[in-house]
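Heads up, the next two complexes both have chain A, just with different partners, chain B and then chain C.
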Partner chain A sequence: MISSKVKERAGCVIFTVAAVICVIAVIAIFVFMLIRGIPALGKIGFFDFLFGDKWSPDRLDTFETETLSGSYGIFKMIVGTLLATVGALAIGGTLGFFTAVFLAFYCPKKLKKVFSSMINLLAGIPSVVYGFFGIVFLLPLLANFAPNNGSGLLATSIILGIMILPTVVSLSKTSLEAVPRTYYEGALALGASHSRAVFGTMVKASRSGIFASLVLGIGRALGETMAVVMVAGNSVAYPDGLFGSFRVLTANIVMEMGYAGEVQQGALVATGVVLLFFVLIVNLIFGAISKRAIACGVNGKGFISKAFNKIFKRKEDRKENKQPGAFKSKLIKIKNKIGEVKDGVKYKINSSKIGAGFAIGSGILSASALLLVIGFIFVQGAPYLFTHPNLLFGEYQFNSEEITILPSIITTLMTVLLSLVIAVPIGICTAIFLNEYAQKNNIFVRLIRGAIDVLSGVPSIVYGLFGMLTFVVIIKGTSTILAGSLTVSIMLLPTIVRSTEESLKSVMDSLREGSLALGAGKMRTIFKVVLPSALPGILSAIILSMGRVISESAPFIYTMGSVISAMPSGYLDSNATLAVALYRLAGEGWYVNEAYATAVVLIVLVLGLNLLAEFIAGRLNKRLKGV
Partner chain B sequence: MKNKLNQEYKQNISVKDANLWYGDFQALKGVCMEVPEKQVTAFIGPSGCGKSTFLKCFNRMNDLVPGCRIEGDFKIGDIDVYGKIDVNELRKNVGMVFQKPNPFPMSVYDNIAYGPRTFGITKRALLDEIVETSLKASAMWEELKDRLNKSALGLSGGQQQRLCIARALAVKPKILLMDEPTSALDPISTGKIEELCDELKKDMTIVIVTHNMQQATRISDKTGFFLLGELIEFGNTDDIFYDPKDERTERYITGRFG
Partner chain C sequence: MKKFLAVLLASVAIVSMAIGFTACGGEKNITVVVREAGSGTREAFDKVVTDGEHYLEEKDANGQKVYNTTDKADIQKETGNVMTKVANDVNAIGYVSLGSVNDTVKVVRVEGVAPSATTVLDGSYKIQRPFVIMTNSDVTLTARASDFLTYLKSEASEDHADETGCIYLSDPAMRANVGETAIPVEDFTAEATLPEGDKIVINGSTSMEKFIKNAMEGYADLYGTTADAIFTLDLQGSSVGKSAVKNDNAGNVIGLSSASVAEDGIDSFNVCLDAVAVVVNNNNETVNDLTLAQLYDIFSGQITKFGELG
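Coming up: the complex of A and B.
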C-alpha cells in the first residue's frame, strides 16, 4: 500500500517535470535568441537592421570595433519573404481551397479516400525533395520562358504553393464538412442547384475555417527554408519580376550562418527573431480566427436556420394563398437576404458552375502534383539504385567516381532513435500532465499550452540556430549527431504532446471512473486503461515523428554537419542525414544520379512511415473496438 | 494510520447532515440516512435531484469533480469515509456500477482480473478462480466461459453491464453501489440484473439509483425519495410506495405510476 502511494507521488512529479521541461525549452529558445540577437541589433541599430536595404556583412566586424564596415539591413529579405508567401498563397491557397471543396462535395465517395490520402502524403514529402524537384523539373521547365535558369519568385511560389497545399486542404475540408447538412438541403429546397448550394451556402458558412486554413498555410510558407533556398536564386535583391532572384529570411540564416563573423552571426540570429515575430503574429491571428470560427458556427446556425424557417413558413403561406407569382418574388427577396443572390439569378448560376469546374480541376491537379513529384523522381532515380547497389550498401567512398550514402542512412537512423528516446517520453508525460492531472484553467497549464503552441510554430531553421548556439557549443564545439538529435527532439515535442493529448481526450471518462471505482490509483488507471486506449493515436504520432526527423534538414546543417563522412562511430561524430545529403548532392551538380537515388530512398522511407502510421492506427482501433 | 488502513469495513452506511456544493450550487441539503446492511436500498426522485451525487459520496467519486465541497458525516460501520483513510481501499470495499456499461478495452478475463491485480494478486491460478467465481456470481459463467480471451467490447450491452458487475464483485466489496444500472438495457437484461441483486444481497449491501419505480418495488427493501437535493422520505419500500407520509412523495409516485 505504501509503495503504491510512493508510486502515485513519483508519477505526479515526473509528469510535472516533463511539462516544466517543455516550458523551459520554449523560454530557452526565446532567451537565447534574444541574448544573441539584441547586442547585434544594438550595434547595427534597430531601424538600420529592419529597414536598411543593404546587406553586405563583413566577417571582421566585431562588437569591439568602433564602426561597422559591413551593412546589415534585412529589408529586402523581409519583402522577399512576404512576396514569396503571397505567391505561395495565391497558388497553394487557391488550389487548396478548391481542392477542399472538391473533396467535400464533388468527389465520388469511392475516390475520396484515395484523393485525401494522396494529398496528405504531400505533407510528408521532405522539403529538400521539393527543392530538388524544383531544381530538376520545375526550373528547366520555367527556363523555357525565363531569361534565366527559371529560378526566382515564380518557382518559389509554385514549390511553396504545393507545400502548403495539404495544410490548406485538410483544414478547409474539415470545416466544410462540419457545416450541418441541413443547410445544403435547405438551399436545394429553395431551388438552388448543387453547385449553388455548395458555393452560396456551404462555403459561406465555413468561411472562417477556410480563412484559418489559409493563415496556417501562411505560417508554413514563412518558415520554410530548404526548398526555397534551392529555387529562389538567393541574391539579396527585390525580386525583379517573376523570375527575379531574391532571398528570404530563412535562406539568409542557412546560407551565411556557417561562416559568419561575430556581428554577422548576431544579425542572423536577429533575423531569426524577426522570423519568430512573424510566425507569432500568424499564430495569434490563427488563434483568433479559429475561435471566431467556432463562435460563428453557433451564430451562423441560428441565423441561417431562422432564415430557412421563414422560407418554409412562406411556402405554407403560398399553399394557402395559392399565389405562386407573389411567392416567387418573396422567395427572391429572401434569397437576397441570405446573401445568396445579389446580382441576378443567371449570373450566379454561371459563376457557381465555373466554381464547380475549378473545384474538380483543382482536385485533379492537386492529386497529380503528388504523382508528378513522386513519379518523376522515381523514374529518374529508381533504376540507378538497382544498377548501383554500391550507393546504398558499398564501403564508404566519396569521390568523383563513386559515393555511398550508407553512412547517411545510419546517421539518420541514429538521429531518429535518439530524438525519439528523448522526445517521446517527455511529450507523452507532458500530455498526461495536461490531460490527467492539471486543472483546466490553471495559469501554469495555460502557460504550458501556450508554450507548446509557440513551439509548434517556430520555423525549423530557428531550431537549427538555437541548437548551434547551445548544444553544439556545450557538447563539443563542433557539430555532432548528439547535438542534432537534441535539437530535433525539441522540435518534435509539440506534435507529440498535441496528438497524445488528443488521443487521451478521446478516451471516455467512464473508463477512468470505472478503474478508479475499483480502487485502482491514478497511475494504474493511466497506464493500464487510459494509455492503452489512446495507443493508436500515440503510436501514429510517434511514427509520423520518425518521418519528420527523416525529412528535416534545416535544423541539422549546423548542428550535426552537412558533409557525408565515413560511417559514424558514435553520437559525438559529425555526419549528414539523408535529407542533408540530398541537399548537398543536389547543390553540387556533379552527382545528379546519386541525388535522384537518394531522393527515392527518402521518399520511400517517409511515405512508408506515413502509410504505416495510418495502417497501425486503423488496426489498433479495430482491435480496441473489439472486432 | 496503519491500523486504519487495515480496518475491517462493515456493511452499513450512516450519513448525518450531508451537504454538498458544486461550486456555488448546493446539490445536497442536510441529508441524513441509515443504510442497513445486506439489504437493497433504492434512491428515487426526479432527474437532477441529487441521487447520483449522494451515491458517489459513499465511495468518494466526487473527489474527482473540481469545485465539489462536502460537509457532514459519512460512516461505513465506524470508519469515517472522509477521514484519513486510503481512498483506494475504500473503493475496493465499496464497489460501483455505472449507468452506461464501461468495460475496459481488454479481454473479458483481464477486465475481471483488473481489480484483483490492482491489489497485488498475480498468481494465475488464484486469478482464474476469482474470475470464475465472479462470473458465476453474476450469472455469466455459462455464457462467457468460452470467450474469456475475447475483447469485452464485443459483448452485448446487457452482457457488458453484467460483466461490469462481475468486475466489481471480483474485489469482494462489502457494499455495491449501482447508478441506474439498467437504464440502458432491454427488459430481459434488466430482469437478469434484478435477479442478480436479489442473489447478491445475501452477502453485501446494495444501494441502487433507479428511475424505474416498478424496479424499486421489485428489488428494494428500503427506498429514499429525493427532491431538489433533499431527502424527503426514507423508509421501508412498501411504506414509501403504499403509505407515503409526505405529500410530495405521494404526488411523485402516483404521477409516475399512473
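Coming up: the complex of A and C.
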C-alpha cells in the first residue's frame, strides 16, 4: 500500500518537474539573451540602437573601447521587417481569407478534403525550400520586369505570403465553420443570396477569428529567416519601391553572426531580443482576440449575435426606440440617403458576387501555388535523383566534386532521434500535469501555459542564438550535433505539449471515473486508461515534430554546423542537416542539380510525415466518433 | 471590407505594373553583390577601393565607421552565394577570394593588373588580405593538433597554397600579424604513427575552405589515412572560429581567420596571402578592366549602369 502511495507521489513530482522545465526553458532564453544583449545595448545606447538608422558595425569594437567606431542602429531593419510583414499580409492574408471562405462555403464537398490537406501540406514545406524556389523560379520571373535581378520587397512578400497562407486559411476556416448554421439560414430566410449570406453574415460573425488568424500569420512572417535571406537582397536600407533591397531583423542575425566582433555580436543578440518582444506582443494580441472569439462563440450571446444584430436589426431599433431631435433626424436622413446610395452602388457592382469570385479564384490560386512549388522542384530534381544514385547512397569523399548527402541524412536522423528522446517525455509529462493534475486557474498553471505560448512564438533563429550562447559553449566550444539537438528539442516542446493535451482532453471523463471506481490509482488510470486512448493524438504530434526538426534550418546553422562533411561518428561531431545542406548547396551555385535533388528528398520526407500524421489523427477522430 | 480589399488589390497590381513598364527598356541597372559587414573579404575590398577622397569603408571626422557601399547592393553571406549571383546575372558585379574563383565567372583586372602570386606579393594588385591560422595560447595543444600546426607552419603549406590559388608567405616578417615579431617557417617531419589526440576541430572563415581542405588532405595522406578520420571541419565565419579557439579547453581547435588578428589569448600567424578578385558574369563583354575609382563609383552606387563607365 505504501509503495503505491509512493508511486503516486513520485508520478506527481515527475509531471510537475517536467512542467517546471518548460518554464525554466523560457526564463533561460530570456535571461541569456538579455545577459548578452544588455551590455551591448548599454554600450550603444538604447535609443541609438532602436531608432538609429545607421548600421555600420566595426568588427574591432570591444566593450573596452572608449568610443565605438561602428554604428549599431536597427531602425531600418525594423521598418524592413514591418514592410515585409505588411506585404506578406496583403498577399497571404487576402489570399488566405478568401481561400478560407472558398473552402467553407463554395468548395464542392468532394474536393474540400483534398483542398484542405493540400493547404496543410504547404505548412510542412521547409522554409529553405521556399527560399530555394524563390531563387530558381520567382526571382528570374520577376527579373523580366524588374530593374534588378528581381529580389527585394515584392519577392519577399510573395514568398512570405505563400508561407503564411496555411496558417491564415486553417484558422479562418475553423472560425467560419464554427458560426452556427442557423445564422446562414436566417440570412437566406431574410432574402439574402448565398454570397450575400456568406459575406454579410457568416464572415462578419466570425471576424474576430479571422482577425486572429491574420495576427498569427503576422507572427509567422516576423520570425521567418532563411527564406527571406535568400530573396530579400539584405541591404541595410529602406526599400525604395517593390524591388528595393532591404533587410529584416532575423536576416541581420543570420547574416552577420559568423563574422561579428564583440560589440557587434552583442548588438545581434539584442536584435534577437527586439524580435522576441515583437513576437510576444503579437502573441498577446492573438491570445486576447482568440479568447474573446472563444468566449463569444460558446455562449452564443456575445460577439457573434451582436454582429448578427448589427446587420439586421440596428436600423430598425434606432427608428423605433429613439425620438431624435431636429438636428439628429436631419443627420439620420443624410445617413439614410448615404445608405441608399451605397445600396444602389452595391446593386450595380454586386460586391458579394465579386467576393464570391475572389473566393473561388483564391482557392484555385492557393492550390496552384502548392502545386507550382512542389511540381517545379520535383520536375527539376527527381530525374537527377534517379540518374545520380550516388547523391543519396554514395560514400563521402573528402574534397571531391561528387557530392553525397548521405551524411546529412544520417545527421538529420540522429538529430530527430535525440531531440525526440528529450522533448517527448518532457512534453507528454507536462501535458499530463496540465490536464490531469493542475487546477484550472492556479497561478502556476497559468505560468506554464504562458511559458508554452511564448515558446511556440519564439522565432527559430532566436532558438539558434540561444543554443549558440549556451549549449555550444557548455558542451564543446564548437558546434556539435548534440548542441543542435538540444536547441531544437526546446523548440518542439510547445507542439508536443499542446497536441498531447488536446488528445488527453478528448478522452472522456467517464473512462477515468470508471477506472478510479474499480480501485485503480491515479497513476494506473493515467498509464493504463488515459494514455492508451490518447495515443493516436500523441503519435501524430510526435510525427509532426519529426517533420519540424527535418525542415528547420535557422536553429542549426550556429549550433550544429553548416558544412556537409563526413559521416558523423557521434553526437560530438559537427555536420549539416538536410535542410542546412540544401541552403549551402543552393548558395554555392555549381551544385544546382544536387540542390534540386536535396529539396526533393526534403519535401518527400516532410510531406510523407505530414500525411502520416493526418492519417493517424483521422483514425483518432473516427475512433472517437465510434465511441 | 471586401471592397476595400478589392481596391487594395487593384492598386497594388496597377502600381507594380507601372513600375514594371517604366523599368523595362534601356539598359538594366548593375547588380552590386557584396558580402556582409564584418566579412574579411569585404573588409579587404572596402579598405582599398577609393575614388581618391573616400573609401568604401572609412572613419569620418568623429572616428565613426562609415560604409559607403550602395543601399541597393545585394548582400550575400558566404563566398559561394556571391559567385552564384554573379554567374546567373549578366549585370552583376561582385568580389570573392581569388582561390574560390572558377570558370563560372570572369575576373576583372584592377588598375590594369590581374590578380596573381606575383602581382599580390609585389603589391601591384591592391586588393589583398592575409589568411590567418589561430590557436589558443593558454591551453596545451594535443600532440596531434600541435603536429598539424607544425605542418601548417612548414613549407608543406606552400603546395597547398599553390594548388588553391593562395599566395604562400615565406618571409617571416610578413607571416607575423600587425605589430608582432617575425614568425619563421618551421621544419616538419612526419612521426612514425599519427600522434595521439581527439579529432582536430577546424573552425572559421569560409574563404579559407579550399586551402584548409587541401592541407587537411595532404596531412592525412602522410599518415596513410583520410582527412575525415582526423578532423572535424566547420566553417561559419572568422569570428565564430575565433571564439571557438578562445573557448578551446581540450587543445584541439584550430581557427581560421581571413582578416588579421591581434588579440590576447590567441596565437596566430599568416599562412598565406589572398587576393580579392573582382568578378563579373561570363557574358559581360564590356567590363574587363576597372580602376579603383570606377570600382568605388559602382559599389557606392554613383554609377548604376555599365554603359556609364565610358
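The working rule: the second predicted complex is superposed on the first by the 561 of 627 C-alpha atoms of A that agree within 3 Å, B and C clash if a C-alpha of one lies under 4 Å from a C-alpha of the other, contacts with A are read in each partner's own complex, and residues count from 1 in each chain.
Keep in mind that, in the parts below, a residue touches a chain if its C-beta (ideal position, glycine included) is under 8 Å from a C-beta of that chain, and two chains touch if they have at least 3 such contacts.
The model shown is predicted, which means the values in this text are computed figures rather than measured ones.
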*Given the superposition on chain A, are chain B and chain C in a clash or a fit?*
fit
*Applying the touch criterion given at the start, work out whether A:244 contacts chain B, chain C, both or neither, answering first, second, both or neither.*
second
*Touching A:619, do we find chain B (first), chain C (second), both, or neither?*
neither
_Quick one: is A:9 in contact with chain B, with chain C, with both, or with neither? Answer first, second, both or neither._
neither
*In the superposed arrangement, which partner chain does A:145 touch: chain B (first), chain C (second), both, or neither?*
second
*So, does A:233 touch the first partner chain B, the second partner chain C, both, or neither?*
second
_Quick check for you: in the superposed arrangement, does A:514 touch first (chain B), second (chain C), both or neither?_
first
*Partner, of chain C and chain B, that touches more residues belonging to chain A*: C
*Taking the superposition as given, tell me the minimum C-alpha spacing from chain B to chain C, whole angstrom.*
47
_Those residues of chain A which chain B touches in one complex and chain C touches in the other_ = none
*Residue ranges of chain C touching chain A (in the complex, touch as defined)*: 1-3, 5-6, 8-9, 12, 15-16, 19-21, 23-24, 28-29, 31, 36-40, 43, 59, 63-67, 70-78, 80-81, 83-85, 87-89, 91-92, 102, 104, 199, 201, 203, 206, 209, 213-214, 216-217, 220, 226-228, 232-240, 243-244, 247-250, 253, 259
*Could you pull out which chain A residues touch chain C in their complex?*
55-59, 67, 69-71, 90, 94, 143, 145-149, 151, 154, 199, 203, 229, 233-238, 240-245, 247, 254-261, 264-265, 351-352, 354-355, 358, 396, 398-399, 473, 476-479, 557-558, 561-563, 565-567, 573-574, 584, 587-590
_Which residues of chain A touch chain B once you look at their complex with the stated criterion?_
1, 4, 439-440, 508, 510-511, 513-521, 524, 528-529, 532-533, 623-627
*asked:* Per the contact definition, I'd like the list of chain B residues that touch chain A in the complex.
replied: 5, 59, 61, 64, 66, 86, 88-92, 95-96, 98, 100, 102-106, 114-115, 118-119, 150-154, 164, 167-168, 171
